[in-house]
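Chain lettering (A, B, C and D) follows the sequence in which the chains are written, and residue indices restart at 1 in each chain.
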């Protein structure tokens, strides 16, 4: 393959990082990417979106995460070079010429993200993966200019790694697999900034046992406990942070708020900053996309708290000042009660289109480890003493037990006032009382369940 | 004194905090303050302003810091109640009736901060202390409404604690003294989020040895090493973080950027969001102030990158995309060289009013421990076995040595291009070469110093 | 019940502890127990016995662990008093009069341990539980004298808590249940000193959610994730530390070494220090027991490295200088191969009685969480919002999956030389070669397995 | 120079270490040294001797410390090889051929230590440095045999590095200088196991900035804050741990106890285990030395608690069961009071030769940073941007202030009963009362000081 090389910096540059201690930058191309405006813009986009409304420490941004993934990739390349350098083509070991490509792809793997990506994409038809490809390959960007220093086709190669179409599976899987640098960084980082200690795992040990093989990345059998621990940490972060009911509630509000804004905009009544307007109009460009960030969104929400539309004003306030919706667990059985509850909510004065929602944990853009079956992920492979590979859950009863255990956290969201006592007398008292009868232990239930059904 | 009490919450509420593990909320008034829009707004104001351009993890906000100061105050009140409850008036011990007041003041001690307070106040005549007093005492705010639950004069009392005019010095000094809950929280928090480990100190030990006395707060002699360590940690954070040259450089850019924006606005040529306009006009209200945040500022900077004014556009880009000015150390001796250097900078095409600055570390809003002399702080007192008080630096040679050691980091800021090689040939080569002659080891120097001066 | 009180110390005493930061001593009786010679003696008995041969940091002693269990109990009592003080008899809440009893029982729960308890007890018929009862209730001990300060029957009450016969199940279960202060301390402590991070769990959170109920101790439903995490940490510590194959191998050597010493002693040929001799004679007293410690044992092993008996000398050297036996996994199927292997080992010159062993992880004195079935433990109960109790594994699929997963690590131990290449030519080569044929991937296997079987 | 190489292990071996996470062993010679009986013996010798009587977690041994120094040296060699490999002789950079020598010397730098070295050496004329040289160079030891694998003169070379006579100052100073691998490891390790957090410093940063130069090891100017922090941590560990008054008190008891034992032995009345007898006789050999450890010493102390000599029995009990002497600060002025106090102590029934002592912190085998003056150490050098070297305290006012600040903690030790109230009436009351008059705030003072003084 081609040998990609970058001009080395005269002096290595180090950036302080609370998670990895230091980020080491040795190549001019890496420094130039970091200094590009498209990359610097990530400083203004929070990694976990509204999760900081639940875990106030979680203000960390996609900027730091991308640096972290780069740093982990760099360290893994060091390890692969020291221990597993390929001697001849096809031996399944690591080709050191791939380092620069792997590092650039790691650094840029999330470059396409915008503010509140998941929600925003749903509503405005943007797509962070496509935007990332464009930022990397469009000659107008500073990122592209930095990459072209290496070679004219280097941007396309970096893009292909992120798109998982690059020919060397080791490079692809360093960035995108069940135990890749991306997931390792975000688990440790999200754990650090939320303060949820469960997300920590033994990174040092993982780096001792990770190794390349013909079809990608695996782990030696000495490290099975460390990998097991990583999977459990991930499970716990999903349970505790990513699927947190208040986090999901804030996402619901955000979604309804933007839906409402679109309608009001189309009615010609919305005050909006230039950066967002192109999206409401539906004719945005790459440049528009690069001018969006969390602050722009919130600046618009601040404007809208004074909008003439009461629903939009209220939802904007709810989002900015953290008034989440309440929620209860539902299941297939109790879903049939929802029309009745929505009707009570309507009677209490809330438009159910904007003040209720059902949401399953699986609508969220996160995933658990699932090596087989529908929507299976690439499995985590353990290399035995004799070189054979075994899928992790075959060796670990603990990991096996996690497959499928995340199912079932489906919730119905509604205004908190429906269930909370307030100091003032509620004029619709009977409405609230009837509503509350259906809820017990945070779960929706039938009032009189048929006797035979136990 | 009056006995202030708040309705207790049915269930204690805990908030995850990476620094203190959990923030415990037991009183309705505390929860209501946290839920007020004036307090929630602090989520959108970074604690360290532009320091996140140097320490990318430092995205933490004034919201978390205020919660942290509250939590520390709460824990200290617990300790004082357990160990030092006053038996009779005038015995110099702790009156448990002061708890709620102390906690509310702690929670609200920084409520008046806006975005980039230091720079903003300089330019627009706002004052975060006065704004804080107003937010607390103005009947229109949700904070005020929450406080009035306790008693009609409670807001004024809380304000008086923060203004240091409250009669009980123990309450005042818990919030504002050389070793108060405010400083303890920000040191630990800033250390955690920047990743600069030097800022850590042994909080557990400090809490073991802190105690009230007639005139305020002191520490028992068993804790002298822990207090010494706290002072050293503070010194190190100043050296490493608060006075970091790039941090100061970004402040310089911010300052010049806003100065320029004011001029362009007055010339009628500035696009600006409504939230900021009132300040440029000079007729802002409390409501306007409460609608400002970091995101609003940056949204305007984004707009201004396309402004017709080249200086404003460039400074906005430099700030948003992190292009700091370079700097060198200067002293009384070498200051006389600055006009010559500014002239070279002007020849290179930069307006020295916007592209240079001199700045001493002491212009920054931080302070080291200085128990005596001009601008002395309240001293830290150590209580001996026989009850007598001794000022810390009398007992600790290490602390004594720190008085005055921060002097002298005065710097001259200028465009990096003046000293860095670039790939393209520079047409003004001789200008740059002459400029660079004056700099050695990051310090400004005379070209030909008299021989006798060695 | 009786109200037990101790003279308070004039000044609280704090002991530095790396795990809990500080141990707080406020009562004279607690300080007197710590200062007793029976308790100080625990400084000379390692908590994990030979595990420090695998995890060199694990030199911590039973002294620190007992202090840690005391400190956790003290903190839990504080929490129970603040949040769950009993208002009337039979309300299922916590009676603050039980505190001193609980604290003393916690501090003394392991007072009966001697060096290498598990192995030693097996061979010499000592019993650490009975010895503990005796140390507490025998009037000759300093521990007993300290306890009698409180009341004449206080030693018996403390003993009854440790024996689980005390009437109040809350006190008993604080010290002995599936999530008690004992287990919490040893997991955290063993994790800290071994450096195995998997053993850490969120103690702060556990202490937020622990509560008393009529029949003991349970956890509120807010804490289910923290309790789940605790159980997983425990599982991981068993897998990684307590059941480590080299740890078990050193226990095997220790066992054989002491067996051999007994035989040689009876033959009248053993040099032995006075402290151990009484046990070899079989007529030891409490005083003899209290003069045993790890150092005495090792001093004897040092003597025995020069004993005339070659087996004893060799086993002593192996233990002191860490030459563990090798081991392979066996199962019901492959056990029938062991006679053949033992024969080969004998041909190679090793007495199989002293140089081989089979050992299941379950022979070890540790246990996993097992709420139902044979040998079930007391379950961990979670209190729902409506006050009902649910057993943990019903709520946590992860915990459910752990029941029974520890089965099957049965191993056969033998001299390492049987499988390791050495530099010198082995004269019995064919023996070694045949031996090694039976082993693959660290597991015993049949050479030619019948075709039909898979 | 010669190129020393060791057979590489087939599989790198890793040892868990709580301080450095993992110790990596890649060379057969390193593994063989670790497995030697002389090295394994260090498991039975505590790193900090009696300090575990003050900081109960400090049970770590010289075994772990030596491994830690090896690991740090190994990592520094990696860094030097990556960044500073010598291109030609005399360029002042690092010669990778020195690695194995440096690693072996690091691993063996403390191999000569015995139990309670400082005290033991004083009394029995042993010398841990000489013993170390002998263990390395005497052909009878397993350590020597391991080293001779590399080359016949390798043991002598390793010994010369430890003796600081080796020709390459970089290798010598890695192991023995003011900021060497030895000090770095023991500070971190002692901090970890005592739980005294002040001892931590930013090792990662130190390793970023350490570099070789012609005459040894220095640090780049980017790292000045990290080095400053290291020096302060060291100062704090001395103050808090190494010079702790109770630690010193236990050393005093140990010293008197062994002095007394020698006398009783010479009188023919001492029961003693064989391992210690050779030393009391004064005709010990290397083999005797290698059979000593903490456990042997304590086994003898246990025997002696029943010795016929009351002083020996009492001192043995005091040591084993932790009954330290009390102490007060003295100075040149108050020393003249000591004869009077000793007389009172004698009247109270204690032989002042065994129950009193004066002891200055500087009698301890530890040292602070002192770059100039009498007993100056090798200075810590900082390399400026232009390659010039500056001594640390010239750049850091904080470090400058530490020179000489440790002076003055001289103490007088005596039985605690002289100043503590006991429950029983003291028959010599007037004696105690008079004694106590001379003490105030833990400091000795004159009763009636001349008026003019002060």
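Keep in mind that, in the parts below, a residue touches a chain if its C-beta (ideal position, glycine included) is under 8 Å from a C-beta of that chain, and two chains touch if they have at least 3 such contacts.
This one's a predicted model, so the numbers in the text were calculated from it and none came from an experiment.
J.: Determine the set of chains touching chain A that also touch chain B.
T.: C, D
J.: Taking contacts as defined above, which has more of them, A-D or C-D?
T.: Between A-D and C-D, the larger count of C-beta pairs in contact belongs to C-D.
J.: Counting only Cα atoms for the centres, state how far chain A is from chain C in Å.
T.: Inter-chain centre distance comes to 43 Å.
J.: Taking each chain's centre as its mean C-alpha position, how far apart are chain A and chain D in Å?
T.: Measuring from centre to centre gives 51 Å for this pair.
J.: When the C-alpha atoms of chain C and chain D are each averaged to a single point, how far apart are the two points in Å?
T.: Their C-alpha centroids are separated by 32 Å.
J.: Chain B: which residues touch two or more other chains?
T.: Residue numbers touching two or more other chains: 21.
J.: Under the stated contact criterion, what part of chain A meets chain D in this complex?
T.: Those residues of chain A that touch chain D are 14, 21-22, 204-205, 208.
J.: Residue numbers of chain D touching chain B in their complex, please.
T.: Chain D reaches chain B through residues 197-198, 200, 202, 225, 228-229, 232, 235-236, 239-240, 384-386, 397-398, 400-402, 405, 440-442.
J.: Over in the complex, which chain A residues touch chain B? Could you list them?
T.: It comes out as residues 15-19, 21, 35-37, 40-41, 43-44, 46, 52-53, 55-57, 59-61, 63-64, 67, 192-196, 271, 273-275, 291, 293-299, 302-303, 317, 320-323.
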